[in-house]
């Protein structure tokens, strides 16, 4: 299992990037995650699905270091990750989007995307205060990367708009842009397509696939639209009430009786 | 499956009438450019359209929630039961039976789930017993909420919050519900369940719905009539069944082409930006 | 016109004290205009400017009025005084800080443009001690005196003097600061209750006075042994404690009550003609009298200046000379309708501080009046003189001023 | 050292009582914060205004006489009647309700859905406005307030306890006014807790604090809730104004007691009514003990900052205050 | 078309991120600078300098500083008065300890000192948020004032506890003390203001500014995105403290000349600067200027109109002044919650579209 596999459409999936080992997370009396283990491999699109309140978002929060699980370990690049602050996790190359959009509302789209590049900008306070030397060069260099991503996600026209004014769907896209700007190794997406219509979902799917393809980014994805999940993902983890009830390829999961009972219902196609 | 929309029996009284409204945010941003629609009593009317088309704005214009967002209806009128409600306090509108379920949940974070539901009954004066009965009804619709009734709404999951928002609206025993993206972030069976709930409330209690939805598929399945909104204008309307058969709608909103539904993997190199208006 | 700016405060936390003073100051000049046709035939003009007891506004007031030919400033705030000392010196306008401000300004060799006659804080401190000495048979050894003070430049002024005096007379000093505004003084008064000082003296202003007197009454501290400085001895300070305040004492450097001819004049020429600055109901109150007294001293100095320079239309520099040559004697005061209203004294270049004579008044709660119980008596010149020399010397050194009289 | 111990006890008790007085002011803040998420800076000025109005009504003062006289050249100051305290209090409550209505009408309803700092700022504007109006209306001189509350140390308690220590100890000093304040505060707190926790309006009030838009959408009339809450806060302000005004006379400085209430608020939690009381007690005792024993060592006048530093220390461990609602942190 | 930006194209990212991307704005900005530096010093008199311009310049620096903290980094602070006091006392100590050094250095050092103190008091912000933090900063306010009042070393053991600025010069021109010419004090402050505004602008448009704003808008998300909250918050406190310290130093040395800490740097000062920031516009440098100008000028104008023009008694005017300032604050917030800066922006947008309404 350690050596990866080849997907149905012929993409090569590498070794394990991140492994969750026996994670348990409690909030007071509520057990949000109960003893869950799974892995994410290099280059794959890994979906996490499950009914509402199953603990999916909590799982992403554990990966980002925002929630600290009471039990279990997170292994990253083959070694256990020591306890870290979320921003340190981000600096290791893990970027994400949020379920309830968490954009910086007071800033323009461009600035939001540029914050995604913070870990690449290292000029000192003094240089920035004078806007000379390293600060300016760095700003321009990173701006180029940001603009590339803006182009890629087709949001050039709103570059200077304050995000507070944007409609929901565009905000989601800006959030994706911000995450991509970090050029992450592992990208965590929490319901990126909620609140979109089919056409927009198609666009979003295309972006996700392209990111995965062009940059080789590993992606973990939470989504409720089964069509999207089944089409995009290479492997799927299914959670229910904090427990893992299924893990495998889309087809395996689709035919797993426990998953059907708990989540998909009969009418899934 | 397709018979949910019985176009024939909704040709009754028009409850809500939106006439050519124009909405401006912040004094400068023109968002709605003359939207008109009619919501018949006892029907389910769907308002469809892409991101930023102006669905939410339309609903807020109706429920008078725009003012607190520095938005303003500058032209046109909104009539409920033939009366202009433009100047009314949102609370007064709720008392008249129009309630909105807002996009993005908007739960009262610090109140418990149950308290959230009870605030829904704020305008009611028909006694504790009736309210308690309705609370039971909501718990029946959403058993998950019953489990979490004592937790603060701020700590419930996204889907649970959506249920709270729906349940809270139902607690007011509304005559008309303006539903803004009820399916967002819900697990598939729950989406179906919510629409079933909408349908059964509509049928059994005669509650009228105006539904803004991105999930066109679902919306057209349950609605009787649909409007399609794009860039602040209504570009198409018609009975749901007809809309569903319209080839453009099929392609752009239902994701179906002649060969049936195509995989999300296959759209990659294929771009289209065709629009009725642009 | 002879312009007298009045930097008053009729708003803010200290308005209750600012209003009567400003009224008295204004009414006297109005009286001069109405009754005498001004000073030496030139009408006076009062420019009132609201400072709210705030230094920046004080500066703004100063800057906006000095261009109008202001003759003398009377800011009624130690904070503003400190701002203005360098400014008036540079602009050569005199500053009169009567019973407040920078005490060492009494040394006219250093502070050429600042006057604080007829008495200053250090006179006050010494006055308290002298009064206590007198009423205790000349001996304060082993006694304990508590000082309750406003925790600001103003309140801290007497500490040095009291420390010197405590060494000299062998009493123990207990200093208790109260922070602005002074609404809550429980711990200070519990401290007093526990330490049982024989006497309490107070350097307070604003609400702090009322609360202190009330708290003293609450702990049944004998009012006769409680002496406030002259800024802690107005009617409104004692009024709210009711009968409990009976017997409370306060220093003063001028007389109290309204039994002076000048007040009849004010009533007749100012109040009855509707020209009063206030409602006219403040006449005879402690702070009104003080304001009027300040105005009288200013007017007399102006007359002196007119005499020296032989012109009626004096400017600020002439006014300064007039102030430095001011002579107040009983005859003059009687003439002005204020017999025995304040001490007689002469100002000189060496002494801008006047005679430093301090009297004591006492409150009678039943008749709601203050009465003078100890006449204006001299204070400890040795101790004060040394302190003035020291402090003004330091100021001179810091600001590179060569003390001189010319 | 029984005397030392007795003194400590005395300071402790007095600290508790002082704390109750702070809490009275803090309560008004809590109410409005709870109901609208607004940090109402004007609470202190409201106490001043209420107290001034009460005195003005009791003394039959003509409101705005100053301006009237200045404009019309008249000389009116008093109606010439005296209103009994009880009636005057009721009238003042009426005035405070009117004020609440005006605030809602002219300020709050135009600021629905704004960020908290904007609303905070608006209340500062309100504070200025009200301060000016109170002075114009009733004049800025000091007024004596006497609604018949007992004042001064309780001699009875003092005499009863005098025997506890050596000759050095007079007995416990407890201010009668403080005792009254304690009883009043206790009643207020119980009433307010019941109201906010168990009534429909109380629930609506908390809902409004969480999300204006959502509250509107379920038919809660923000206007009504705000009038209600500001009226109650006005009433609390009146109570605080009476207590503090009796103590030190009614004058501008009364509005500064708000500064004494802030650390209380911080420590107890902005959203908790019982928190205001407990916070008040802790602050009261803490600052009195500190001033009494440590103060002399560092030069005194520590009370102003000590309360804040104490509250700050608590906050570092509980960022929402002792009883405040947990700040929800989720993504 | 009174205001145009059409035809103003950018061909590089440097151009696009410059301070005034629109040519029209840039010209206006140069014009203002030219007047401020080349015209005003020649026409200035004592009254204009001391009553209006100096307070405006100095408050504008403080407002920029506070705006960085509140408007950009979202950390509401009510400790401004206390921090200004640190600047003032630090400046005083430096002035008296090393009299031979240039005033520029004293003021800068005072700013640095304040930055350090500000960071120390900013530490709780890592745990405490929103209004709790605002109230917590009052601890700094009261403690610092108490400290300066209490410890005689700070005021060089002067009898009354006041500090007064000795005469100091820059290149032989007196800057402090009563004999300093009005134009010199004005220029001195103006130079500091200009520098501060430029630095603030540079910081806020770059990386640091973005991490501040990220923390402001959504601190948790910001941290997950990779913003180090410790660094972002503390740099905000430091930079803000630096500016506030400078303004405190100037306030004491150049403007007032002598201060008593509790009075000059009391809690009202904290509120005043906060008003400026909010009325001017949170998160806007221009707003800081506008807010400072507004609140410095308004009372003066009201006084002139009330007392000098209408001839009303000063107390009625003073009370009306409170009423009007209060009412104006409220009206402003209702009309435009985002301050004068936003009002200006909307006006520009309207002008650009003029004569069409949208």
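To keep things simple, chains are lettered A, B, C, D and E as they appear, and every chain counts its residues starting from 1.
Throughout what follows, a residue touches a chain if its C-beta (ideal position, glycine included) is under 8 Å from a C-beta of that chain, and two chains touch if they have at least 3 such contacts.
Just so it is clear, the model here is predicted, and its values are computed rather than measured.
Shared contacts of chain C and chain D, meaning chains that touch the two of them, come down to E. Least step count on the touch graph, chain A to chain C: 2. The interface with the greater number of C-beta contacts, when B-E is set against A-E, is A-E. Centroid distances built from C-alpha atoms place C farthest away from chain B. Inter-chain spacing, taken between the CA centroids of chain A and chain D, is 50 Å. Mean C-alpha position of chain B lies 75 Å from that of chain C.
Centre to centre, using the average C-alpha position, chain D and chain E are separated by 32 Å. Rounded to a whole number, the gap between the C-alpha centres of chain C and chain E is 37 angstrom. For chain B, the set of residues that touch two or more other chains comprises 29, 155.
Looking at chain E, residues 146, 149, 220-221, 224, 313, 315, 319, 322 sit in touch with two or more other chains. With touch defined as above, residues shared between interfaces to two or more other chains in chain A number as follows: 66, 98-100, 102. Contact between chains, per the stated criterion, is found for A-B, A-D, A-E, B-D, B-E, C-D, C-E, D-E. In the complex of the two chains, the chain C residues touching chain E come out as 8, 10-11, 19, 48-50, 52, 54-57, 59-60, 63-64, 66-67, 78-79, 82-83, 85-87, 89-91, 102-104, 151-154, 156-157, 160, 179-180, 277, 387, 391, 394, 398-400. Those residues of chain E that touch chain A in the complex are listed here as 12-14, 17, 199, 202-203, 205-208, 210-211, 213-214, 216-218, 220-229, 235, 239, 283. Listed in rising order, the residues of chain D touching chain A in the complex are 331. Interface of chain E with chain B (complex): residues 346, 349-350, 353, 358. Residues 64-66, 85-87, 89-91, 95-96, 98, 102-107, 111, 114-116, 118-119, 121, 123, 125, 128-131, 135-136, 138-140, 143-144, 147, 178-179, 182 of chain A touch chain E in their complex.
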